[in-house]
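Here the chain labels run A, B, C and D in written order, and each chain numbers its own residues starting at 1.
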Amino acid sequence: MANTWGYGAMTNHLGDMQNSKAIIIFGANPASNHPIAMQHILKAKEQNGAKIIVIDPRYTKTAAKSDIYCRIRTGTDIAFLYGMIRLIRDNNWYDKSFINDRVYGMEEIFKECEEYTPEHVEDITGCPKELLIQAATAFATAEPGCLIWNQGWTQHTVGSSNTRLGSILQLVLGNMGKPGGGTNILRGHDNVQGSTDMGCLSDTLPGYYGLAEGSWKYFASQWKVDYEWLKGRFKSKEMMEAKGFSLSLWMNGVLDEANAKNNAGTPLKALVCIGNGISTITQTHKVKEALDKLDLVVFIDPYVNDAAVITTRDNNLYLLPAASQVECSGTVVNTGRSAQWRSKVIEPLYEARPDEEILFDFAKRMGFYDEFTAGMGKGKDFTWPEDATDEIARSLKTVGFQGRTAARVKKHTENWHLFDTTSLKGRGPVSKEYYGLPWPCWTQEHPGSPVLYNINLPVSQGGMGFRTRFGTERNGVSLLAADGAAPVGSRIKGGYDEITSQNIENLSGIKLTDEEKKLVEGKNWKTDDSGILVRNALKAGLAPYGNARARTIVWGFRDEIPKHREPLHSFRQDLVKRYPAVADIENHYRTTVRYASEQNAQNWVADYPINIVSGRVVEHMGTGTETRASKYLAELSGEMYGELHPELAAKLGIRDGEMMWVYGTGEGKIKIKCKYSYRVDENSVFLPQNFSGVWSGESLESRYPAGTAPHSFGENSNQVTSYGYDQQTSCPETKCSLVRIERA
Amino acid sequence: MQSSTFFTRNKAYIFTLLGLGLVGFVFVGFMMIMDWEYFLKYPLHVILTGDTSGVLSEPTSNYQAMVNAAFGPSYNSIAPEIIRASNERQEFIWWVFVAEIAIFCFMYAKYGRKVAIVTNPSDEVQVFSIFHRAVIWLNIIVISALIITGFNITWGMRSGGGDIAFFLRSSHEMLGLVWLPLWFAMTLVAFKDAKILFNNSLSKKLILKGSYSPMGRIIFIVFVIMGASLLFSGITIWYLHPDAYTHSEFIQLKRYLLYVHFGASVLIMFFLMDFVYSVMVAVKGNLKGLITGKYPREHLEQLAPDVLKDIEEKR
Amino acid sequence: MKMLKSFGRRSFLKMASLATATTATSAFASNSVLRGATKDEIRNPYPGSKLIKTICTHCSVGCGVIAEVQNNVWVRQEVAHDHPISHGGHCCKGADMIDKVRGTNRLKYPTAKVNGKWARLDWDKAMSQISDQLIGIREKYGADAVQFLGSAKCSNEQAYYIRKFAAMFGTNNIDHQARI
Amino acid sequence: MSKPEYARMKFYCDEDLCIDCNGCVVACKEAHEVPVGINRRKVVTINEGIVGKEISLSMACMHCTDAPCQQVCPVDCFYIRVDGIVLHDKDKCIGCGYCLFACPFGAPQFPQDGAFGIKGKMDKCTMCAGGPEETNSPAEFNKYGQNRIAEGKVPMCASMCSTKALLVGDSTEVAAIKTYRSVAHGKGISTQSYGW
């Protein structure tokens, strides 16, 4: 996403989906996972006459509300999308001027889609070509149409290609940057957008600044610490600038000593897990082994993390009670990039402490408390969390957090009744502002940008072009937007580079005073603390990050343009040769990850003939650590099951309600209840991923500390999901796995 | 001649059948709104397929499918009768028993009581063992309690509900459970006809003395069959605890069984009252016999020679 | 017979008739005339409570939640009708927000496993034991021997400080749920 | 003869919008602190997974005009308010279950709390209107849950419906909303939100 047009986030917002005339829901199940998003989708369907097209391996509750439903095989999203693009190309449905003005490299895509004829797509995906043609027609002829996706796309070995091609589809149709269009990624957790913006990631510092030396220097200055001191904390400068282990791969850093060479010569020895359901990643049995092997494991959670009972270690396992979200306050960012103030409802219960207090305490004991809190700029007398919010607002210039101060976010949340749903526009005291100041929100006066890349608005009112992030030209072709494709009111009518101290005067036509010049010396829009560059750019109607073309080709990626690749454990072994996985990758987030060798290790489908479709149930969230602890939710959805098509179940000799063993391609196996359902096709089993607390048939209830066991337990489906990680981001492959099922 | 003896021998059965048939005909034909076809097909469906949901044929429309899934099918087949049955019970069932009592009064006035002429009261014969007496009296107590607590439900209007009525209602279920073994024991003990089949020492010890008169046999059969229906329907209704999610699968079975429960309770009570009249009122001396277990020999000689014969035979 | 008629009329079209069944409304209604509510009838069940606006903690939609709090006890979850995204709507998880404080199976105090048995610790002891070990591991193996996992369920400020903590601890081994 | 026009309170669930999220179920339970096992409201799905035919619907007491539960109750514990809300008196209820046999919707619920699973007193949707006890008293809350109608608030289930499929209110108003939704189909977004 970010590599296509600058930012990786939902481009529009939830209420905006009401403006759509056609909505593709592809690899997402909002009816179960984001029920309130369905409110807007269904309103678009009913009042705006939008066509709802659902493309999913499973006939979900969302699909039940669709106009067109296409059932595809898991992991064939790219083939389907190329099929659509080919139809769009052949029927001249694509937006020529949009592609001409604002997109780079579309020819490559049009070339690549050539082989995906409807017949060929039918062969790969299993979706009848008539449905593909219907879906493509309905979507391409609707103006505007929006595309919704979710973990159904991202949790694949080719997850990053999926999302890129989805973006490209919207570029082809010119649906970007307009209300009712866009790519709407429904994120998972309540603050996943926020935490990602905050850079709780192994490959970047907050605000997507990356890990380069300049970024560290910038953050050293923001945190008001000495860069040399910060560097001294690390083993070496190389390690400081190298990506760390990711959530899906860290256990390899414990188990596989060979990876130590990527990790400063040491295997992992300790884990500090703050509010993370680590059993939701694939190959949970590896997680267990890793947990057993570590020297120290600390879980900081309001509830007992289910990984704490999965592990059988006897010592050095600490559980610290964290205050729940309603017992501390702060900002949260929803999937539409709107910030909201989550107020503290009550004081922390029992002996629980908020996360930050625990961190402060650790910092004190480890001797860097002063450095840790220096960034707030108030010494010891800071107010949590307001001062931290303002610190973030000062620091995260790349994503335009400057305007999102605590005071403004609070004002919005307190006045939420004054905002309109479809446009997010405010009235009265918050007039001309958008709810939650969706980023980028460039200055304290900026209203926020509810629709990204919208050039029909001035930058000062939330308009912008695509970001200049990948240089200004490549192979002699300009990467800047064409003339006429600039936000309304822009001084420069075409594309331009990102704003720096060198080009500011030239681009904005504003002369800087000597004093100002001195302040911005050597800075650019990302690093300028004085705000002069951004302010002046806005005055001239310029987006601080420039105005470029979105690109379909990502140089440096393993697949420069998205390519269909069969899953590592493919149900169609005959297609593997034609669409093989990439070669194995060394030092992928400090781990060696197998791709082609895993795919070719054996004829997987011979031994494991059933495909997994995984997903969530509406009652539970994540591992269900929170929700399974609720008696009412546990009552509604109290046990793990696997949905089998009655035909398949009959072949396997399993009756409705009987127990069955599911064996994964790894070592994991689970014993679950069979539930007859027509939601899945005849080759698949659906496994909800929200359960834990039973381990290969053995209940772990007795392992919980007294009085903390949740109300419902079930096998963890990720024990049987296969090996596999995204080839760029290492997102675990939970969606394409093969299993063998036997009657228990 | 042949037919005449047949008639006289089986007068009781024939009259009972005719009476029941007449009442049943009037009842079914004119006073009920039950869908009888459904009522008969439904248990067959349950027995043959094991499916209790009551959906006898596939739904023809989405609407119908929804009704089946949400509320249970064919509401009009049984449910209105349930509504009416309990309504009318409150108002009219009373009269059924009033009428029966009136008949007894008439019979008492006409025939009076049979009294044996006992000249030698000390010459007694042991008729009922302790076990027999325990079974009989426990049955009497529990059935009376069941009747009281049962009527507490149907005639709740008179009590107006409240805690006492609630307690009585919940004891009805408990008592039903208690009655299950007692009913079974009674069925064994009173199976006088079994002596035709087995004639060993155990059956002699266990089964009550004597043999049945036709009317006695009818009452026994009604007791067994209706008792079984009452117990089965009552305990099943109780066991199939209402649950919102399984409601539509079981509600039709529950309605059906409640209907069976109502019907069986009326029949069993009618015949039990008959029995009480014929034992306690029409013949003098039985109460004492049931308490002590002993009867004067002359009483038996005059009023129950079959019992005496049985006892003699055993010796 | 009158009764029979009334049942015959009773068809199963209740559902469909909902929208149109405005006839025969007062068949069972009492004859009392409309009157104003008495003071007693409209009294507040939670006197002195205040309403706090907060945000649902489950998915990324960000539905509004209004918590009614009396004496630092969350007594009732109210409906945020005017929230621009959710309009008061909740799925079952959001409707159950209050269970976070009502549920009794929270982790209540620092706990550690000692020789296979769970033992209660006080905060100070737990924190010093953990930090001593972390410092020890850092010295012995280097900071990269520690893996931090943050959360997408905490606030921006907490997430930012978790990242900062990992950086100042000296490692990039920090991650959370989101990957793309 | 002119009668005053009373509101006629009704539930309506739009099967085009209900997505089986169970929000109403849990909203009801949390609001009234209903014990586990009692479902005043439930969501049913038919034709589950059959392409193009799946429909979900949220169900509770429908507050019938000629409520069969009221007709069969042997102790006459039901009463119907002027606005059509069917309520009952738990002090009178003897837990016999006749209302369950009579109810076409399966609304009455019986807690299985006593020894040997004895049925407790009937519990059902009150349309958030409490019971005969003093309004908003603890006694009322313990037996029937909140009395939101008395507070002038919308019943919990409908107000927390995620897609605004579940409507509650005066039948004419509910009908007006549904009519509007049907008539305005495909005409563009004109209202802020659904159903308020």
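What to note about this one:
Rule of thumb we're sticking to: a contact is a pair of C-beta atoms (placed from the backbone, for glycine too) under 8 Å apart; a residue touches a chain by one contact, two chains touch by 3 or more.
Remember, predicted model here, so these are calculated numbers, not experimental data.
Common partners of chain B and chain C, by the touch rule above, are D.
Taking the CA centroid of chain C as reference, the farthest chain centroid is that of B. Comparing chain pairs A-C and C-D, the larger number of C-beta contacts belongs to A-C. Ranked by how close its mean Cα position lies to the mean of all protein Cα atoms, the top chain is C. Between chain C and chain D the centroid-to-centroid distance comes to 23 Å (mean Cα coordinates, whole Å). Mean C-alpha position of chain A lies 70 Å from that of chain B. Here the spacing of chain A and chain D, counted between their Cα centres, is 39 Å.
Under the contact definition stated at the top, the residues of chain B that touch 2 or more other chains are 66, 71, 75, 83, 87. With touch defined as above, residues shared between interfaces to two or more other chains in chain D number as follows: 21-23, 25-26, 30, 37, 55, 68, 104-105, 162-164, 192-194. In chain A, the residues that touch at least two other chains are 35-36, 39, 420-421, 618-619, 631-633, 636.
By the touch criterion stated above, chain B contacts chain D in their complex at residues 62, 65-66, 68-72, 75, 79, 82-83, 86-87, 90, 152-157, 159-163, 165-166, 168-170, 173-174, 177, 237-238, 241-245, 247-248, 251, 254-255, 258. Those residues of chain C that touch chain A in the complex are listed here as 52-64, 67, 69, 72-74, 80, 82-87, 89-94, 96-97, 99-101, 103-116, 118, 121, 123, 126-131, 133-135, 137, 141-165, 167-180. Within the complex formed with chain A, the chain D residues making contact are 16-17, 19-23, 25-26, 29-30, 36-37, 48-52, 54-56, 162-164, 181, 184-194. Chain contact summary for the complex, chain A toward chain D: residues 18-19, 31-32, 35-36, 38-39, 42-44, 46-49, 59, 61-65, 69, 71, 420-422, 618-619, 631-633, 635-636, 677-680.
Contact residues of chain C toward chain D in the complex are 6, 10, 12, 14-15, 18-22, 24-30, 32-34, 37, 40-45, 76-77, 79, 81, 86-96, 98-99, 102.
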